[in-house]
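Two complexes come next, and they have one chain in common, subunit A, joined by subunit B in the first and subunit C in the second.
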Partner chain A sequence: MTYSTDEMMTVAAARHLANGEVCFVGIGLPSRAANLARRTHAPGLVLVYESGTIGAKPRSLPLSIGDGELAETADAVVSVPEIFNYWLQAGRMDVGFLGAAQIDRRGDINTTVVGPYAKPTVRLPGAGGAPEIATSCRRVIVIVRQSPRTFVDPLAFRTSVGDRVSTVITDLGELRREPGSEELVLTCLHPGATVEMARAATGWTLLVADDLGETPPPTAVELEALRSLRPAAMALH
Partner chain B sequence: MADKRMTPQEVVGRLESGMTIGIGGWGSRRKPMALVKAIVQSDLRDLTVVTFGGPDLGILCTAGKVKRAVYAFVAPDVAGATNKNSPVLEGHFRKARQSGAIEDEPYDEGMVLLGLQAAAWRVPFLPTRVGLGSDLLRDNPRLKTVTSPFDDGEELIAMPALELDAALVHMNRADERGNAVYLGPDPYFDDLMLAAAKVGFVSTERIVDTAELLKEAPPQALRINRAFVTGVVETPGGAAPTSCEPDYERDEDLHAKYMAAAKSDEAWDEFLAAWEAK
Partner chain C sequence: MAVLTSLAEAITANVGDGDMVALEGFTHLIPFAAGHEIVRQGRQDLTLVRMTPDVLYDQLIGMGVAARLVFSWGGNPGVGSLHRFRDAVEHGWPRPLQLEEHSHAGMANRYVAGASGLPFAVLRGYVGTDLVDHTANVAPLACPFTGERLTAVAALRPDVTVIHAQQADRAGNVQLWGICGVQKEAVLAARRAVVTVEEVVEELQPRPGAIVLPGWVLSAVAEVPGGAQPSYAQDYSTRDNAFYEAWDVISRDRDTFLGWMRTHVLDLVPSTT
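Right, the complex of A and B next:
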């Protein structure tokens, strides 16, 4: 079965979520991967969205964290203030699953500005809840397409601290940071990607693991599950 | 029994240039847009706007009403006709910020929550770990750290109280005394905004008798108490183009015009005319 690099990235990310874990999910790429995991190897994955939906089991991909589908299928719904105060900041999440506009070699994330803060060349949406997701969940997985525009060091603005980032999944491969190590290391390439491609898509000198692995390609089951995930309101567009 | 009914213009008459205004809702959900429209049509200026930002802040920026934005994010939140691929980029705020037209005060969502809570509790700050290590501390001069006076001695961020001169929120139903319920999935931060403010104004889809407030909702949805409310405005459709579930979803046509309106003066005029006609 043929597949796209984005599909490979999503499948690779989904594999990092274990059955039974409690996962705080960002919208977009993280949500797609988390729902794939729930529909394949991790049916007991507890998806928590910022809108206060705990144990959401959406039948179609939510278009936003406030999508009604999330509330309708959740085990419990609490208010947004409660999700921050009592669930996230209190450290009740196993995994935080984030996207990023830019990421550096430490796993720090920028979603605030490109260019100087006072005179930005590009004003990004802002922190949202990412800083507390990044520092409150036990481990953090980041999914982001790899390019010299997204893999940047130093960042113009460190919105979220990367201390708990364990894994970064891209369209080229996977980077990991071992406990105690400062820097992300390329540990795995997706089929068809090369070290040269990964280096060219990285704005710093990329570390590569000695025992660099290759990601197993998506299985037919994974691809089928992924392709059956449709946004709830495609009809809108 | 106090009758607090007002028009949007009367609400704006209670506001002054230079005030700090909290706007309820979240992203493109249940924003008090009829009141925002009245601000756009007024001569108010130099406002500091505290918001979980969507079209409210974007429109006020382009209308030249904003001096300073206090926020954790500004985003349309839901992908739509003009932003198929991105639920996150908001052109009006981006333009205002990149041209230096407004000042800003960036926070994280949980920090804004704590800042409103501190203001509601009338304490100067609340401690939190959220934001430690982030450049939010570097570029937001209002953020400072505080050391726990207890044996742990932990260094924490002191999130300053976000005191509001006024708060504007939109609820599904209200009575004429200012009690109000939400019928959608979330109260957002609306009750906290009102509690953090000196005066509060509620716009609503429909003003009903007090006895009818709980006909459509459980008691815990009666989130807004009249003690926090100075004025009530009946504005059917008053959240458009943002959503006001379950009464209506986001107005995708009008929202698309608003998104496009960041691009040119003509598109802005076209949006204003379409919004006016609602």
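Right, the complex of A and C next:
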């Protein structure tokens, strides 16, 4: 089966979520990967969205973090102050799953501005839930397409601190950080990607692991499950 | 005490030029109709407050009603950028927009402090981020018991909070359910509160997980069926995701945007039920 680099990225990200874990999910690519995990190897994955939906089991992929589908299929729906204070800050989340506009070698994330803060060339959406997701979940996975525009150092703005970022999944491969070490290291390439491609898509001198691995390609089961995950609005078209 | 009134009268009586106005709703129950009425009545120099300014705030900002935005995430959820918000920040069109930005946890706790009548709230957050350098309403704080380094965020006290809910009764008691966001805190933090509802019923039937706001904490209640569209009201309507995607195109160009607002907002007469 042929597949796109985005599909490889999403499948690779989904594989990092274990059955029974509790996952605080950002919208977009993280939500797609988390829902894929729940449809494949991790049916008991607990999805928590910042809209206050705990244990959501969406039948189609939500477009926003507040689609009715999430509330209707959730174990519990709580207020926004409650989700951040009682559930996230209190340390009940195993894994935080974030996207990023830009990331640096330490896993710090920028989702605020490109260019100077007072006069940005690109104004991004801002922090949202990310700063506290990044520091309150036991580990953090970031999913982001790798390019010189997204892999930058220094960041224009540090929106979220990357101390707990354990894994970064891109369309080229995976970067990891061993506990105690500061910098992300390329540990795995997706089929077809090369170290040169990864280096060219990175705005700093990329560290590469000695035992660089290759990601197993998506299985037919994974691809089929991923392609059946369509946002409700898309499915109607 | 809540007055059952028309949308136009509710806005006239409760939203003034220069006010700090929070139109809250976390994807669900966004008070679009009330926001449009604020545009029609030509309010100016507002400080708009909201955790998740999305398409409604893009419209208000693009029409130039806001001088300032206090927020934590400004985007079109699942779609991308807010082009009017970006145009205002990047190019000052139609007027410069001053920003005060936070994290969601910070904003939520600011409302909690406001609702609690406290000067500030405490959380673990902001530490190590560049956000702390860009707002005066965040300050480091040591826990008086353990010395842990924490963050204080100043209370939010909007002049008026506007929300949309499913139902009210004739005494102006309001019930909302589904994703309830930060609406309860935003209403209780505000000096005045306006609620639009899908329908006025004889008697509110208790719903699991619902929030009930007694009429005596509200200023005005107006029946506006469909008042959250293209957002939604659970058990009344579904989110018009296709519109949120269409907005990306409508809002990219200033003239296309203005034309859309003229046809769909300015030229419409508000409901007077």
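Keep this in mind: the second predicted complex is superposed on the first by the 234 of 237 C-alpha atoms of A that agree within 3 Å, B and C clash if a C-alpha of one lies under 4 Å from a C-alpha of the other, contacts with A are read in each partner's own complex, and residues count from 1 in each chain.
Assume a residue touches a chain if its C-beta (ideal position, glycine included) is under 8 Å from a C-beta of that chain, and two chains touch if they have at least 3 such contacts.
Everything quoted here is computed from the prediction, not taken from an experiment.
Per the definitions stated earlier, placing subunit B and subunit C onto a shared subunit A by superposition produces a clash between them.
Contacts of A:185 after superposition: neither subunit B nor subunit C is touched.
Applying the stated contact rule after C-alpha superposition, one finds that A:123 touches each of subunit B and subunit C. By the touch criterion stated above, A:132 is placed in contact with subunit B and with subunit C alike.
In the superposition on chain A, A:63 makes contact with both subunit B and subunit C. The contact surfaces that subunit B and subunit C form on subunit A in the two complexes overlap at residues 27-28, 50-52, 63-68, 71, 77, 79-81, 84-85, 88-89, 112, 117, 120-132, 135-136, 157-161, 163, 231, 236-237. Those residues of subunit C that touch subunit A in the shared complex are 26-28, 51-52, 71-75, 77-79, 81-82, 85-86, 89-90, 101-105, 108-109, 111-112, 123-131, 134, 178-182, 184-185, 209, 211, 232, 234, 238-239, 241-242, 244-245.
Residues 27-28, 50-53, 62-68, 70-72, 76-77, 79-81, 84-85, 88-89, 112, 117, 120-132, 135-136, 157-161, 163, 231-233, 236-237 of subunit A are the ones that touch subunit C when the two sit in their complex. By the touch criterion given at the top, residues 27-28, 50-52, 63-68, 71, 77, 79-81, 84-85, 88-89, 112, 117-132, 135-136, 157-161, 163, 231, 236-237 of subunit A touch subunit B in their complex. Of all the residues in subunit B, the ones that touch subunit A in their complex are 26-27, 29, 53, 71-75, 77-81, 84, 87-90, 93-94, 97-98, 100, 106-110, 113, 128-136, 138-139, 185-189, 192, 245, 252.
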